[in-house]
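Let me give you the structure first, and then I'll get to my questions.
Lettered A, B and C in written order, each chain numbered from 1.
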Amino acid sequence: MQDFIANFANLESLARIYPLLFQGLEVTVLLSLVTVPLAVALGLFVAVLYSFHLRFLNPLLILWVDALRAFPVLVLLVLVFYGLPFVGINLPQFAAAVLALALNSGGYYGEIFRAGIEAVPRGQTEAARSTGLSAWQAAFSVVLPQAVRYVLAPLAGNTLELIKTTSIATAVALPELLRSARVAQETTYNPTPLTAAALIYFLLLWPLTRLVARLERKMVASR
Amino acid sequence: MADAPFLLEIDGLHKSFGDLEVLKGVSLRVRPREVIIVIGPSGSGKSTLLRCINRLEEPTRGVIRVDGVELSARGVDLNRARKDIGMVFQAFNLYPHLTALGNVALALRKVLRMSRQEAEARGRRMLERVGLADKASAYPGELSGGQQQRVAIARALALEPKLMLFDEPTSALDPELVGGVLRVMRDLRDEGMTMVVVTHEMSFARDGGDRVLFMDGGEVVEEGPPSTIFRNPAHQRTREFLQRVLHA
Amino acid sequence: MGRLAETFFNAEVIATYLPALLSGFRVTLELAAAVVTLGILLGLALAMLRAFRFRLLNGLIVAFVDVFRTLPQLVVMVFAYFGLPYAGITISAFAAAVLGLALVLAAFAEEAFWAAITAIPRGQWEAARSTGLSFGQALASVVMPQAVRIAIPLLTNRTIAITKGTALASVISVPEILDKAQSAMSISANASPLIVGAGLYLAIFGPFVVVSRWLERRYGWII
């Protein structure tokens, strides 16, 4: 037991490396704050377009969304960061991470918004259009507010997932929380930094997990 | 019949939900082949009384004995005891993922450990008894309310219980479907089943049973043969209730 | 245009590294199969155990679920691989990857199954118990068949997302597709292996996505 604590909860090591961890936390938070709005916007855009039911466009949209959902996001990241330089586009790590995460997550948000929009009765759009609102206006003022209420649970869940996924930026050496912990581990020679990072992730994300769980329970109950 | 030992004995039954006392000391003795009808206003504790008999609700105090077995005792094998007590619910509670035959046969296979063929054979006989032999492969969603309730009755009968409990069996049915279910219940009575029925159907209460219990506020206010209760109730409360219900 | 083809679709490079990529493909499949099976079975078992309502066990299950729903998959994987040795448990990279992902999937699966179980009306329990079925029999024959059907739509998206985490195993050097593609890419200084790798992922997860769309459509209307 003594050994266990000395390895996994070594206070001396912790004291040495915690500044590094907090820098990593900063990057993680910044990455999340930038990516979430972008991904949501992308998803909304695709979903609203889909709701116009333009014959030629919808199959393409479905293909686009499914392609984004079919790739592991890490693959997208590697493609963007290591692949694009081959055509002369050199993105810094942060931008590459944002692009990959936003594209991938945008696919999921698109599906969620689409399901929400389809749950809103057609009559709502018809009523709105019959009073002279344009297609975009009807979508944003009438359909979307109702759609969002239906899909609050998956929306929150997907946002939580997105924030957790920022940790993959480790793979391209972006100094976010997990990477900082791994780097710190190389100076402490014990896994205390990992324990600390896990703890920080947990404390940061747990309130959101509870919220998602509560929303999900409500959603099943109402069906 | 007067000398037969009692099939159901309830002594001093109390039930509280938290601070709310719903049953305030109910006692009842039912002989084999007797049909007891329980009437009373909502909240009088009639359903709770029924649900305590097979311990779907746990009594707070009191003794319940079915065919000599004290159900309220601690070590009793509840699952075995429940084979002898059939229950029919207001909401039918049929299993939506099984056919009518599947619903009836499930307990036969799991509790009585019958083979598939035996269980299905008995299941079909039961469905025939309630007049639904042709609906054996139908799912609950495809049946009318009255048909679903009759399947529920078949499901309860399948285990050949000694006692049948009916918790407002027709309250959730459209009026024109009530008759079919009541007919099955009358047939059961004629075949000699011991029944305790909680109901709002006054026509059934008047001629369906041997004894009527009027409950109000967690107590049995009055009990007696239907003719007495309906024509010459001894208590004011009984009179008031009957007036409300029969002339509404 | 020719340069693009040479950089991203170089037939010679692809031919050289195809065997390596295909072995990576097999490893990815093995990872995915192990994760889905273990994760869903464990989640189902935990949810059924939870139905018995033993206080202490429930507390443990809820704690488990909260922890593994909150921590990022990569963090769990990295912790398992780099941390467990310090606790005396040596674990292969493959096992660490399976462990990390299966535990996370189990947590989500438990929540989905539990939500479904609690959505089954009390009357179903009562009817089953009133015919003499034991608690376990009622759970297995009456409640679970209905609950599983309800849980499927909740599960599909989650399962796909977590199974795609198999790509993360490349970070701890499991020889799956991305790992092979990246090393091929750096040795050959050509991006073609990455494109082939992406195509292989599409081959695996494309069908996943199609099946999940079908499942959602089929079982989404059960209630």
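FYI, a contact is a pair of C-beta atoms (placed from the backbone, for glycine too) under 8 Å apart; a residue touches a chain by one contact, two chains touch by 3 or more.
Computed from a prediction, not measured in an experiment: that's the story for all the values here.
In terms of which chains touch, the assembly is arranged as an unbranched chain of neighbours. The most centrally placed chain, judged by C-alpha centroids, is C. By count of C-beta pairs in contact, A-C exceeds the other of the chain pairs A-C and B-C. With centres computed as the average of Cα coordinates, no chain lies farther from subunit B than A. Mean C-alpha positions place subunit A and subunit B at a centre distance of 55 Å.
A separation of 18 Å divides the Cα centre of subunit A from that of subunit C.
Once the centre of each chain is set as its mean CA position, subunit B and subunit C turn out to be 48 Å apart.
None of the residues of subunit B touches two or more other chains.
Touching of two or more other chains is recorded for no residue of subunit A. Across the complex, subunit C meets subunit A through its residues 4, 7-8, 66-67, 69-75, 78-79, 82-83, 86-87, 111, 115-116, 118-119, 150, 154, 157, 160-161, 164-168, 170-171, 178, 181-182, 185, 190-191, 194-195, 197-198, 201-202, 205-206, 208-210, 213, 223.
Against subunit C, the residues of subunit A that register as touching in their complex are 4, 7-8, 66-67, 69-75, 78-79, 82-83, 86-87, 108, 111, 154, 161, 164-168, 170-171, 178, 182, 185, 190-191, 194-195, 197-198, 201-202, 205-206, 208-210, 212-213, 216-217, 220-221, 223.
The residues of subunit C lying in touch with subunit B in their complex are 121, 123-124, 126-134, 137, 141-142, 145-146, 149. Of all residues in subunit B, only 54, 56, 79-83, 85-87, 89, 91, 93-97, 106-107, 110-111, 152, 155-156, 158-159 touch subunit C in the complex they form.
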